[in-house]
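What follows is subunit A paired twice: with subunit B in the first complex and subunit C in the second.
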Partner chain A sequence: MHQRVLAASVGIAALALALTVVLLAQVPAAAQAPKAATPAATKPAPATKAAPAAKAWTVPRTPEGVPDLQGYWTNNSYTPLERPNGVTKEFYTLEELRQVEKKNAEREEEQTTPGTVADVHYDFTQFGLDRSQTRLADNLRTSVITNPENGKLPPVTPEGQKRAADRAAERKKQGAQYDQVQNIPIGSRCVWMNAGPPMMPPGYNPAYQIVQSPGYVTILVEMLHETRVIPTDGRPHAPAGVRSWMGDPKGHWEGDTLVVETTNFNDKVAFRGASENMKVTERFTRTSDDAIRYEFTVDDPSTWERAWKGEMPFVKIGGPIFEHACNEGNYGIANTLAGARKEEKKAAEEAAKKISTK
Partner chain B sequence: MRARFLGPMMIAAAALLEAAPAPPQAPAQAPAYRAPRTKDGKPNLNGIWQAVNEANWDLEGHGAAPGPFWQLGAEFSVPPGMGIVEGGPIPYKPEALQKRKANFANRMNLDPEIKCYLPGVPRAMYMPYPFQIVQSTDPIMMVFEYAGAVRTVYMKKQPAPADSWMGWSNGRWEGETLVIDTTDFNDLSWFDRSGNFHSDALHVVERITALAPNHLNYEATIEDPKVFTRPWKISMPLYRRIEKNAQVLEFKCVEFAEDFIYGALRKVPLK
Partner chain C sequence: MRRKLAVAITGTLLALGAAPLWAHHAFSAEFDVTKPLTLKGTLSKWEMINPHSWFHIDVKGPDGQVTEWMIEGGSPNTLIRLGVTKYTVKIGTELTIEGYQAKEATNKAVGRNFVLPDGTRLFLSLGNAVPGGAPSEPTK
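What follows is the complex of A and B.
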């Protein structure tokens, strides 16, 4: 929303990527579009397709004998991280879910209305920038968060509150959003999007490919061609000084579940306000030919009073995944900054004119 | 000497024939080495690999040269290299050679590496960073440290949906050798920091063969009728990163390139 208005005021066609950020579930406040108005879209394993309590189904295995998670997957979903205000139950009925999906899809489609600002730069349908064009990973849950049971993030610790205030103050010192590229949200800058962890669904391009080789599970994330190469050989985490956006993932198998523990985040990820000490534990369990259950725990005692958990399904889609070269074609950043400079110049000229005519 | 070598080589050759019923197109290096096999019986190329040469500065042989900014002193100067182009200089068409020279003259503005752009192929293979081969039956992926670039090599041939930076790679096994045929490139990547370039007609055929447990032989035939008078070839070894804790780490360089790309558009100019 915010982005669209800004783009208009700058008087240029802003980039698609700005919209990405609006759509991204993990982006704080701004991203949480109309919260109460748009109930979470989730959806269950649809009774229709999802293997009807498969009798004979057994977990497929790789040549090495571990569960086979390979293939193309999506977690495409309207389900918000936190339960919307006004929703008190944990699950929707399938009928309610379809309503929620419909409402969300309509909201996204509004952006294709001819003559509107949002429609100026993109044809959502043409470029696949709305979720309804990809299979939805049905999830009946009203929030991704399963614990706390109210579907909301736990209370933030005093230390976490102070950090949030410090970060906000620091951002403010850097000036307005279009003063310099560094002030623009990282998603728009093609630095970090939805690879996580935790791997939250993006606003578009919600595709993943899992490839397994001996001792590794590798997840290619379509957005930003991010690749998580996860060793499962029991090696320790990288030294504390080795920090990164996606962190240092180390995996192991617990029965038929892939458990991935990620640490060593940098202090810029700040997922939902987290510190660099955040630890994310993910659990991938193949539940049918068509689905993987994805559960995660976010543990950062310096930010939240307790660890919190989430869950969502990944379901099968067709491939292949095409190269998402983001930085290479990020004309929107240059255009937006140039527009802002132009507007400043114009304002300065007008101010000067006023003075001279006085 | 000769007699001692012959025995093992014959055994290896016999093993090779046994393993590869389809007559392998004798790779140029004719390796007597038989790589360990994956569970599905293919040469196991899994691992973290890295070129140890100076091709990223210039594919062709070159002497040492100063770096771009005097402030950097000896750091970031150009290390000398013997080059990895087989059989003489790169066979540019005359007009393409002019462009290559112009590229070189303006390399500090034009080299896609400066902007953290995807490196293309074969450049990704010899940049001074490690990459990992993730070999399943199909596909085989290559995950590069530089810019988080990635290639997916389809072992069941798939058509390219469109042009891209890294091209579209279809692979096949020829005995001990992984052969990768890559097409559908855009015309934006370079081969090195010296302005060696290609067009969107680029066609790269790579042959990757294990030479020993910790060495691969890499060769690539580069064909681009818009730019070169004939196909030409590069070759080099790739070395396994044998450190126990070797890992392809995250090197997201976009952040480091942003002021290069957008700095002129800052409200408050850079000092």
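What follows is the complex of A and C.
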């Protein structure tokens, strides 16, 4: 009926590593959706031609006259943020991409060994949580990162290294992960998970809806129920003291591209170790009826020696997106904390027993 | 204190970043690897909620006594996208759950496998929910 393939010796670390690699292997869009379909390249064919070429695609526009990005989209993908070690080229061929996707899909379907820590979860495949069970936004790129050209994050500055060490020390002072609810990761607490910017695939429920109205582009993020409201009316950023989880986005149009610059982050998300001074510039370009090219630049001189860039496609999916309401049923937090207290109590009782029998 | 807290949260997020993205939480912190179990019962309630759905099942003991168990399953959103609705699994459906009991030791568990009486794993018997079988083209 089902096979449990992974040996116990593989262990959680290896599993996590494998999955992270899988996760990181994601989005080569630009190569797939070339920049050819620009209005400038769409001269009408002479009427005299016997077999006229198919009508060239043009960017759809809203009544306001700006490019229409509206619809339901996904960035579901196996392309990693950083290029895997051992891969030296920038792009896979389509055949190679299909092989990578196949391998990752098979890994997701593998069953864990009963009685191992890795086995303690519900079966992701049964719940449709394997990435291969949702439409993939095919990306021929071998990494999301396009610059530096080696596909890796730039070196961390001394200031960034010190911040990481300070954060680690502070974390240690706060106690173990299940000592108090505040120590539990923000994703588990339903606060924030990959909504961006930059908008990285969340692993499951990778669904977005873009809605436009005059002066605004709004992105609804299914996971964990976030909304990015982006004004495009030229207003300035909020004052420096105003900080938020997803920052303060301001958009404008450059030709057919929506450019969104986001600043004013708080220091709680700390994307890849970034500081609250991070500035993210995103570029959304509709490249076909079916796809948006998504490019981003992360600029945080106090964390990385240079700005770095990434790119992935978003492709169409059927709607609607669904409410996630993550806190509504997050029984796991209470269960976990209660479990940790129970284990502590048991350990204390056993320790007391040892003392009394001495 | 405020500063301290922010740092702690950040740190834990970084830790999360190293885990599979599916892992909304650390399963082995909530459930006990040393307490595997197999439960046979009938579905009495299905909470299709996030971040994890919960299946309530009535389990009849050897003495005829019925005990209710709560079993954690996956987020309903992706299931719905694959065509599963709250009517797909009817109340009263017989289920065998292979899983692990919660560390807090009440009648809660994670369902490693949800198996129907004919031996098929729940949801995978749906034509379009087979791995790799999801529609690759967008629906209009």
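Heads up, the rule we're going with is that the second predicted complex is superposed on the first by the 288 of 358 C-alpha atoms of A that agree within 3 Å, B and C clash if a C-alpha of one lies under 4 Å from a C-alpha of the other, contacts with A are read in each partner's own complex, and residues count from 1 in each chain.
Simple rule for what comes next: a residue touches a chain if its C-beta (ideal position, glycine included) is under 8 Å from a C-beta of that chain, and two chains touch if they have at least 3 such contacts.
Computed from a predicted model, the values in this text were never measured in an experiment.
In the superposition on chain A, contact of A:Asn75 is made with neither subunit B nor subunit C. Once the two complexes are laid over each other on the shared chain, residue contacts for A:Ser288 go to neither subunit B nor subunit C. Between subunit B and subunit C, C touches the greater number of residues of subunit A.
Once the two complexes are laid over each other on the shared chain, residue contacts for A:Gly318 go to subunit C alone; subunit B is not touched.
After overlaying the two complexes on the shared chain, residue contacts for A:Met246 are found with subunit B alone; subunit C is out of touch. In the superposition on chain A, A:Ala340 makes contact with both subunit B and subunit C. When the shared chain is aligned, subunit B comes close enough to touch A:Ala238, but subunit C does not. With both structures placed on the common chain, the touch criterion links A:Ser213 to subunit B but leaves subunit C unconnected. In the superposed pair of complexes, A:Thr227 makes contact with subunit B only, with no contact to subunit C.
Looking at the shared chain after the overlay, A:Thr263 reaches neither subunit B nor subunit C.
Shared contact residues of subunit A with subunit B and subunit C: 178, 182, 190-191, 224, 322, 325, 328, 333, 338, 340. Listed in rising order, the residues of subunit A touching subunit B in the complex are 62-64, 70, 175-176, 178-182, 189-192, 209, 211-214, 216, 218, 220, 224-227, 229, 231, 235, 238, 242, 244-246, 320-323, 325, 327-328, 333-334, 337-338, 340-341, 344.
Per the touch definition, subunit C reaches subunit A in the complex via residues 4-33, 36, 47, 49-54, 70, 72-82, 84, 98-100, 102-105, 108, 110-115, 119-124, 129, 131-140. For subunit B in complex with subunit A, the residues that touch the partner chain are 38-40, 44, 46, 112, 115-118, 132, 134-137, 139, 141, 143, 148-150, 152, 154, 158, 161-162, 164-166, 188, 244-245, 247-250, 252, 254-255, 257-259, 261-263, 265-268.
Touching subunit C in their complex are the following residues of subunit A: 1-2, 12, 15-16, 19-20, 23, 72, 105, 108-109, 114-117, 119-130, 132-136, 166-168, 170-171, 173-174, 177-178, 182-188, 190-191, 193-194, 201-205, 207, 222, 224, 266-270, 272-273, 290, 315-318, 322, 324-326, 328-333, 335-336, 338-340, 342-343.
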